[in-house]
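In the part that follows, the structures are each spelled out as structure tokens.
Below are two complexes that have subunit A in common, paired first with subunit B and then with subunit C.
Entry: the complex of A and B
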């Protein structure tokens, strides 16, 4: 009874439109990343593996700067996962946590809360990478 | 051709993320965490390395490549140092991204005021 009432008044989201936008924006992020890798490896004359480090740092800087200027939250509302899943989402979560807790001071605010949102990514990434790395090292010797 | 592959790979990963966001009650934090664990899992059999060769920058930019880089650095260091290398090399490849994110957001949070 209650559930049907809730469903009746829940605003209907256009799922297909969200998914098409996420598909296109995510694809454009991939093209931008590949273009940055090519540009850096051409200008600085370095292998593409090193250029991908430059690319990631550039995208993190752009993500932080757009969050500071206040554009990013509006864009994320429209694009959804198209900007959350790429590395810009990681930068956005750290930057917005730092901005939100800035008024509580340097140590107890920024320092203690910077990883409030991004911390789960790092914790689960490190734990799963350790377990899977152990499996790969024990069974394959890291050979493949 | 690699630009087309980069578009398709990154777009499909983001599409999966959007489908999870829309049709379940999971938040953006859950989605990114799931993708990091998936990226680390796919590296047990070096599947993600093939994606990187195939899609280039398109495979480097989703958060799945964060898990891939973590396990890749750990394995690379374990080859030289044995078991303890798994702990020593965990952040070898991702250190640049994490350090950049910390430094930029710390400095920029002094310059800008939060907008709401």
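Entry: the complex of A and C
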């Protein structure tokens, strides 16, 4: 009974708007990343596999820098999953946790809390990689 | 449980507030405001303690008394083990009661102080409540710099400290009566919709206060709830009407008032133990002193959850305490 009353007064979340923004921003991130790979492999004359490592390092650096300067959270608020899902979001989640807990010391603060949000991503990333790797090995002979 | 008082008066109060509150509609009414969240301290917890110290220093100046003149100091905060209150009490060296009922702490403190003064066990008391947005976000939610999209029903913890001095010496505002709330748990688990969590507790306390005092809801010029937010406010009105048949007309919610909700990025409004006192000790007291409001019922609402209880998907209990203030001629 009370739940229906609560739902009646619940404002509609802008899911569609958030999704469209996340889609566009996420896509833009992809374009930027691809452009970085192309630029690196062209300028440094390296294979694109190496260039993509350079690209990841660059994006992580920019993400962390913007978090430290204090305005990445404002961009994230507007762009949502478009920035949280890519590697920038991962770096940002670690950096923001580290910033929060840095006053509690290197060990009990930064070390213990830096993976507060990113820890789940790593744990379940490894678990799902294991499962899909197993499926790939068992059913496709590791071919694809 | 409703108490009546004849000898308890509000003599003075002081407020300090953060930058969001300073940019809100009552920005000019606060005694002191800050531009950043550290206010020259090493961490946010110390910053909250500093805000407490500032509000107390201002209060002591206003009432022209020393710490040794005060019989009882009551204080509470949102942070674990109410640490900002404990530190400030260690500096004041006044007999101290540390209290916690989340955002209902301010009125809980007022009720305790009023009962001691009415029973003549003490002559005066200071009640201080505080909260700090970043410190509370860090403890209860995500890292401050993380951002992230939150539901619209989320409330924004207010930053500031509010102190009030009560005594048996007559002044223009009298503490008339109070009602201690019951804990109500309606099975809500959504920590981002605390208005929905707290509205039934608020309704229960208002209803029982009116029954105990045999009053009509229109007896009060204003019933001011703590921090339900703009959506919780609607839930309360609707619930009060359906469940108790009471139409809340002279009603407002301090969480919906403290910020400029349209222009400031604060979701459904303010929250935190200091939200209600920041509005009351400034804007509401000003109106009472001008006799534009004569009878005011403050209903502070608190959501009594912990980070662990929320993670374990347990339901959120809530409480509301009410105190009635009257202007005396």
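By definition in this document, the second predicted complex is superposed on the first by the 131 of 144 C-alpha atoms of A that agree within 3 Å, B and C clash if a C-alpha of one lies under 4 Å from a C-alpha of the other, contacts with A are read in each partner's own complex, and residues count from 1 in each chain.
To be clear about the criterion, a residue touches a chain if its C-beta (ideal position, glycine included) is under 8 Å from a C-beta of that chain, and two chains touch if they have at least 3 such contacts.
On a predicted model such as this, the values are computed, not experimentally measured, just so you know.
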| item | value |
| --- | --- |
| Touched partner set for A:57, first subunit B, second subunit C, both or neither | first |
| Touching partner for A:47 - first (subunit B), second (subunit C), both, neither | neither |
| Touched partner set for A:129, first subunit B, second subunit C, both or neither | first |
| Partner chain in contact with A:100 - subunit B first, subunit C second, else both or neither | both |
| Subunit B versus subunit C as contact partner of A:116, first or second or both or neither | second |
| Touched partner set for A:75, first subunit B, second subunit C, both or neither | second |
| Partner with the higher number of touched subunit A residues, subunit C or subunit B | B |
| Subunit C-contacting residues of subunit A that also contact subunit B | 13, 18, 70, 80-81, 84, 93, 95, 99-100, 117 |
| Interface residues, subunit B side, partner subunit A - complex | 2-3, 6-15, 17-23, 28-29, 31-33, 35-37, 40-41, 43-46, 55-58, 60-63, 66-67, 70-71, 74-76, 78-79, 83, 86-87, 90, 96-98, 100-102, 104-106, 108-109, 111-115 |
| Complex contact set, residues of subunit C against subunit A | 42-43, 138, 142-149, 151-153, 186-188, 193, 196, 200, 231, 234-235, 238-239, 242, 265 |
| Subunit A residues within the subunit B interface of the complex | 13, 15, 18-19, 22-37, 48, 52-53, 55-57, 59-61, 64-65, 68-70, 80-82, 84-87, 89-91, 93-95, 98-100, 102, 110, 114, 117-118, 120-122, 124-126, 128-130, 132-137, 142, 144 |
| Residue ranges of subunit A in contact with subunit C within the complex | 2-3, 5-6, 8-11, 13, 18, 67, 70, 72-77, 80-81, 84, 92-93, 95-97, 99-101, 103, 116-117 |
